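Two complexes, one shared chain (chain A), two partners (chain B, chain C).
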Partner chain A sequence: MNVKFLTKIEELLGPFSAKLRKHPNLTFVVFGLLLCLVALLPHLGLMNFGTMSIIAYITIYAVTALGLNILLGFSGLISLGTAGFVGAGALGTAVFIEMGLPFELAVVLVLTISGSIGALIGLFSLKVEGIYLAIATLFVGEILRQIYTQVPIFGGNSIQIDGGIKLLGFIELSQIFKEQRSMLFVLLVIIMVLMMIAMNNIIKSKTGRALLAMSRSEHAAQAMGISLLKYRLTAFVLATLFATVGGIMYAMYFQTIPTTSWSLDLSLFIIAMVVVGGFKSIYGTFLGAFIIHGIPNLILKDLLGDISYIFSGVLIILVIIFYPNGFVYIWVDIKKGYSKLKKRLQKDVTTDGK
Partner chain B sequence: MESKKTILELNKVSMHFGGLTAVDELSLDVKEGEIVGLIGPNGAGKTTVFNCVTQFYKEYTGDIYFQNHDGDQVDLRDYKVTDIAKLGLIRTFQNVELVKDLSILDNLLIGAHHHYETGIIQHILHTKKARSEEKRMKEKAYEILKFLKIYEIKDFYVAGQPYGILKKIEIARTLMSDPKLIILDEPAAGLNDQETDELETLIHQIRENYHTTILLIEHDMGFVMNICDRVCAINFGKFLAMDIPKNIQKNPSVQEAYLGKDE
Partner chain C sequence: MSDLFGIIFNSLETGSVYALAALGIVLIFRTSKTTNFAQGMIGTFNAYIAAYVMLSLGWSIWIVALLALVTAFLTGIIIDTFIIRPASKVNAISKQIITLGIIMVIVGLLPKIFGVASFQLPRFIASEYSLDIFGATLFYNTIFVIVLSLTLMGGMFMFIQHTKWGLATRVTASDETTSKLMGVPTKRVTMISWATAAMLGTLAALFVAPRVSVYGNMLLTVQISAFFAGTLGGFSTFFGPVVGAYIIAFSRNFTQFYISDIWGNVMVYTLILVFLYFKPYGLFGKKPTKKV
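On to the complex of A and B.
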C-alpha cells in the first residue's frame, strides 16, 4: 500500500462523500439500500432466513433505542419502561387487527394510546428526578407487562395475526411465504430509515437543541424561554412513540406476538444498546443494537454456542471502558489513525526520493 | 437623561431565604439606553436581585416593572420565567451556563429559541418554512459572531474553549433574542486585563449597535467606573446609594461597605 493508492481512493470517493455531507439524510437512505440487499441473500442461498430475522430484530431494536437515546443522550432523562411500549406497539397492533380494523388505523390507534401514556410520564417527570424517575418508569413497564399477561384480550401466551398484514387494504404480506417475508424485511428497513431521518431532523432542530439545553443547564434553558414542561413531555412522547414503532415493526414482521417477552430484561438491553453504541449518535444506536443483539446471535453463537453471551458481556464491558461515550466514537480514532498513516507513507515517499 | 423612559423599576423588593434577608426593600430604576452597574460585597444579594427580576424566584415581595416591546409597563410577576426572554429581557449567569457538547453556533441558536415559529412536525418533515427559518436564524447568528470576532470558530464545540471565549459566547447568545435589556452577572470575572478592556469596548458597541440597555453586576471597580453611566451599591441586600460613578466612589456609606476589602 502506498500513498498514491490512498489518494486515488480519496479522489474516487471525494464527490460522493461531499454530496453526502451536504445532505446528511441521504446517508441514511444509502445505508438502508445496502441493508435491503440482505432481503435478497436468502433467495440466492447465501444466508438462511433465521439470519434475516436476527437482522430484522436489529432494525426493531435500533428504532426503539433511538427513542431512548432522546431521553438518555439528549434530555438527561431515563426510562426503565421501554419494553412496555414496544409490547404496546406489537400487541396493540395485533389486537386491533384481530378486531377487524385495517392495519393503518390500528397503527394510528396504538401510537395515540402509547403517546398519551408517554405524555403522562413526561408530566410526572417534572415532579421526580434521577433514581426516582427510573423506579417510577420501571413500574409503568411492570404494570404494562402485567396487563399483557393477565388481561384476557391479549389471549394467553401469544397473539397471532391471521392472514398477515394487509397494507392499504390490498397488499397482503404474510410471514409464511418466503418472498413476502423478504418484502416485510424491506419494509422494516424503510421504516427504520424514515425513523432515522426523523430523528436526525429533530436533533438538528430547535427541539434537539432545547432538549440538550434543558439537560445541561436548566436555568439557562429557562432564561432562553425553554419550557421544561413542554420539553420533558416532548422527550417522553417521542421516546414512547419510537418504542411503539419498534413494536409495530415487530408485529409486522413476526406476526406472532408473545405476551411474556416485554419485561425489564428487554428495557435494560435497550439501555445497553444506547450506552454501548453511542450517546446522541444515530449510527451509534444502530451499532449498539448490532453489538448487543447481533454479535452474540449472528457470530458468537455459531462459534461458541451457549457461552457466547459471556463473551458478548465481556466485549460490552471492554467497549464501555475504552469508549465511554459509545463505540461509534471509534470512528474518530480511525480517522486519526488514517491521517497518521497517510503522513507516514508520505514521509517514506519523500525520503525514498532523496 | 431625565426625559428617558424607565425600562426597569424595582419598588421595595425583598427576598428572604428562611431567616436570611438576601434583598431588603430595594428600589432602583434603569433608564432606556443606560449602562447601570450593581455593586456590593460578596453575598450582598446582587445575584438574588437578578433572580427575582428574571422570575427564577417568585416569592419576593414588592414590585418589579418592565417596559415591554410596545412601550407598556408590565408587572414581571405576571410572567413565567420562560416568558421573560420574549419580553426582551435576557441574562447571563455568574457561572457560565452553555451547552458544552454543542457547537458555538448551536449555542447561539438556543438564544433565538423563542423566535421560532415552526414546530416539531415541520422540523421532522423538513418543510420549506422550517428550512428558511433555520437559515434566517443562522444568518443572524453569523452576523453576531462576526461582530464578536468569533465567527471563524463557530463550528467548534463549546467544550475546550478558553474562558474568555465562553464569556463572549454567552453574550452572543443574549443578542440572539433581540433584547431590550441585557443583564450580565459578572461579565469581567475571570478575564485578564486585555480581555477586560476588550469587553468594555464591546459593551459600548452592543449598546450602540443593538440599541439595548445594560444592567451588570461586577466586582472589578475600575471596569464599573469606566463603563457605567450610573451605579447602584447595595450591602446586606439594602440600598446604599445610586449615582454616577464618580459620586459613588466618594460616597461614605459605600466606602464603609467596602472597608477592609481590596478596591
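On to the complex of A and C.
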C-alpha cells in the first residue's frame, strides 16, 4: 500500500461523500434502502425469518433509543421509565385496534396519551433533578407496568391483534404470511428512517441548540433567554413520543404483545444502547442497538451458546471504560490513525525521492 | 386486631430488608457517585453461594450466612478494583450502565455455576418458635431480622459519625478531590464502601430467601423499593433512606390490605411522586449548593 493508492481512493469517494455531507438526510435514506434488502433475503433462502425478527427488534430499539438520546445526550436528563412508554405504544395500539378503531386513529390516540404523560414528567422535572428525577421516572414506569398487568383490558398475559394491521383501511398486513411479514419489516425500516431524519432536523434546529445549552448550564441558558419550561417539556415529550413510536412499531410487526416485559430491565437496556452506541449520535444509537441486541442474538448465541450473556455484559463494561462517549467515536480514532498512516507513507515517499 | 398486628410485624420485617438494601445503595451513591443497579444481583449471587454450600455440604444456616458475607465482601472488592476504579473518569450515566453490565455478567454466571434449579434457604430461627400477640403470630425469626437490622444500621451510623474511618467516608462522600488532597485514602474508602454495600445486599437476600426461595430475580422488588426509599428519604443523608424504607413498607402493606390489593402500590407511588414535587430532595435531603 502506498500513498498514491490512498489518494486515489479518496479522489474516487470524494464527490460522493461531499454530496452526502451536503444532504445528511440522504445518508439516512441510503442506509434505509440497504437495510430494506434484508426483507428480501429470507425469500431467497439466505436468511431465516428469525434473524429478520431480530433486525426488526433492532430498528424498534433504535427508534426508542433515539428518543432517549434527546434526553441523555442533548439535555443531560435521564429517564428510567422508557419501557413503560414503549409498552404504552405497543399495548395501546393493540387495545384500540381490538376496540374496532382504524389503525391510524389508534396511533394518533396512543401518541396523544403518552405525549401528555411525557409533558407531565417534563413539568415535574422542573422541580426535581438528578437521581431523584431518574427514580421519579422509575415510579412512572412501575405504575404503568402495574396497570398493564392488572387491568383486564390488556388481556392478562398478552394481547393479540386479530387479523393483522389494516393500513389506510385496505392494505392488510398480517404477521402470519411470509410476504406480508417482509412488507411489515420494510415499513419498520421506513419509519426508522423517518424518525432518524426527524431527529437530525430537531438537533440541528434551534430546539437542539437550546437543549445542548441547557445541558451545559441551566443558568447560562436562561440568561440567554432560553425558557427552561418550554424546552424541558419539549425534551420529555419528544422522548416519550419516540418511545411510543417504538412501541407502535412493535405492535405492527409482532402483533402479539406481552404485558409483562415492560420493566426496568428493558429501560436499562435502552439506556445502555445510547451509552454504548454514542451520545448525541444518530448512527451511534443504531450501532448501540445493534451491539446490545444484535450481537448477542445474531452472533454470540450461535458461537458461544449460553455464555453469550456474560460476554455482552463484559462488552458493555469494556466499551464504556474505553469509549466513555460511545463506541461510535471509534470513528474519530480510525480517522486519526488513517491520517497518521498517510503522513508516514508520504514521509517515506519524500525520503525515497532523495 | 390480629390482622393489624400481622401487618405491622410484616412491614417491620420487609422494611428492615428494604432499609439494608437502601443503605447499600446510598453508600455507593455517595462515595462512587453512581446508582448501583447491581446491588440486588450482587446479593442474589452470594445468597446462591450460601444455598449451594448448604445443599452440598449440609452446613447450618448460620455458618453459610457468614460464608456468604465473606464472599460478598470479596465480590465488592473485586467489582471496585476491576470495574469501577478503571471507570472513574466516566460520566455518571455511563457509570450506571456499567452496573447493568455487572448484572448481565452475574445473570450469565448463575446458571453456569449453580445450575438452573432454584434453591431454598431456611429461616435463621425455625418457624416453630413463635409468639402469639393478639392473635397474630410473631416468629422469633422476624424479631431476629428486625433487631439485627436495626442494630447493624445503628452501629453503622455510630461508626460513620464517630470514628476516623467514618469521617473519611463522609468527607469522600462530600468532595472526593479535596479529601484526596487532605490525605484521605479515598480509593480504599470507595473499595470498603463497595464491600460493605455488597454485604448489606447479601444480608437482605438472606433475609428474603426463606419467603421466596433463591432465584435470579429474588431481589427485584427489594431493589426497586430500596431506590424508592432512597428518593423518599433523601440521598444526602445516610439515615433518610432507612426511614424511607420503613415508610414504604408500612404504607404499601396497609394500602394493599385495607384499600386495594391491586392498586395499593400505584396509590403509594403516586402519593410519593406528589410528595416529591413539593419536597424534591426527599424527607431529610438538602438542596445541594451549586456554583455557577
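Heads up, the rule we're going with is that the second predicted complex is superposed on the first by the 346 of 354 C-alpha atoms of A that agree within 3 Å, B and C clash if a C-alpha of one lies under 4 Å from a C-alpha of the other, contacts with A are read in each partner's own complex, and residues count from 1 in each chain.
Definition applied: a residue touches a chain if its C-beta (ideal position, glycine included) is under 8 Å from a C-beta of that chain, and two chains touch if they have at least 3 such contacts.
Bear in mind the structure is a predicted one, so any value in this text is a computation, not a measurement.
K.L.:
Quick one: is A:309 in contact with chain B, with chain C, with both, or with neither? Answer first, second, both or neither.
P.N.:
After superposing on A, A:309 lies in contact with chain C but is clear of chain B.
K.L.:
Quick check for you: in the superposed arrangement, does A:219 touch first (chain B), second (chain C), both or neither?
P.N.:
A:219 contacts both chain B and chain C.
K.L.:
Applying the touch criterion given at the start, work out whether A:232 contacts chain B, chain C, both or neither, answering first, second, both or neither.
P.N.:
So A:232 meets neither chain B nor chain C here.
K.L.:
Could you say whether A:276 touches chain B, chain C, both of them, or neither, answering first, second, both or neither?
P.N.:
second
K.L.:
Which chain, chain B or chain C, is in touch with more residues of chain A?
P.N.:
Answer, by number of touched residues of chain A: C.
K.L.:
A:320 in the overlay: touching chain B, chain C, both, or neither? Say first, second, both or neither.
P.N.:
second
K.L.:
According to the stated criteria, A:293 is in contact with first (chain B), second (chain C), both, or neither; which is it?
P.N.:
Touch status of A:293: no partner.
K.L.:
Please work out whether A:135 is in contact with chain B alone, chain C alone, both, or neither, and reply first, second, both or neither.
P.N.:
So A:135 only meets chain C here.
K.L.:
So, A:264: does it touch chain B (first), chain C (second), both, or neither?
P.N.:
second
K.L.:
What is the shared patch of chain A, the residues that chain B and chain C both contact?
P.N.:
Touching chain B in the first complex and chain C in the second, residues 217, 219-220 of chain A appear in both lists.
K.L.:
Show me the residue ranges of chain A that touch chain B in the complex, using the header's touch definition.
P.N.:
25, 198, 201-202, 205-207, 209-210, 212-213, 216-217, 219-228, 234, 280
K.L.:
Enumerate the contact residues on chain B facing chain A in the complex.
P.N.:
Chain B residues touching chain A: 54, 56, 80-86, 90-91, 93, 97-102, 106, 109-111, 113-114, 116, 118, 120, 123-126, 130, 134, 173, 177.
K.L.:
What does chain A use to touch chain C in their complex?
P.N.:
72, 78, 124, 127-129, 131-132, 134-136, 138-140, 142-143, 146-147, 150, 217, 219-220, 264, 268-269, 271-272, 275-276, 306-317, 320-321, 324
K.L.:
Within their complex, state which residues of chain C touch chain A.
P.N.:
These residues of chain C touch chain A: 29, 35, 37, 83, 86-87, 89-91, 93-98, 100-109, 111-112, 220, 224, 227-228, 230-231, 235, 262-263, 265-266, 269-270, 272-273, 276-277, 280-282, 285, 292.
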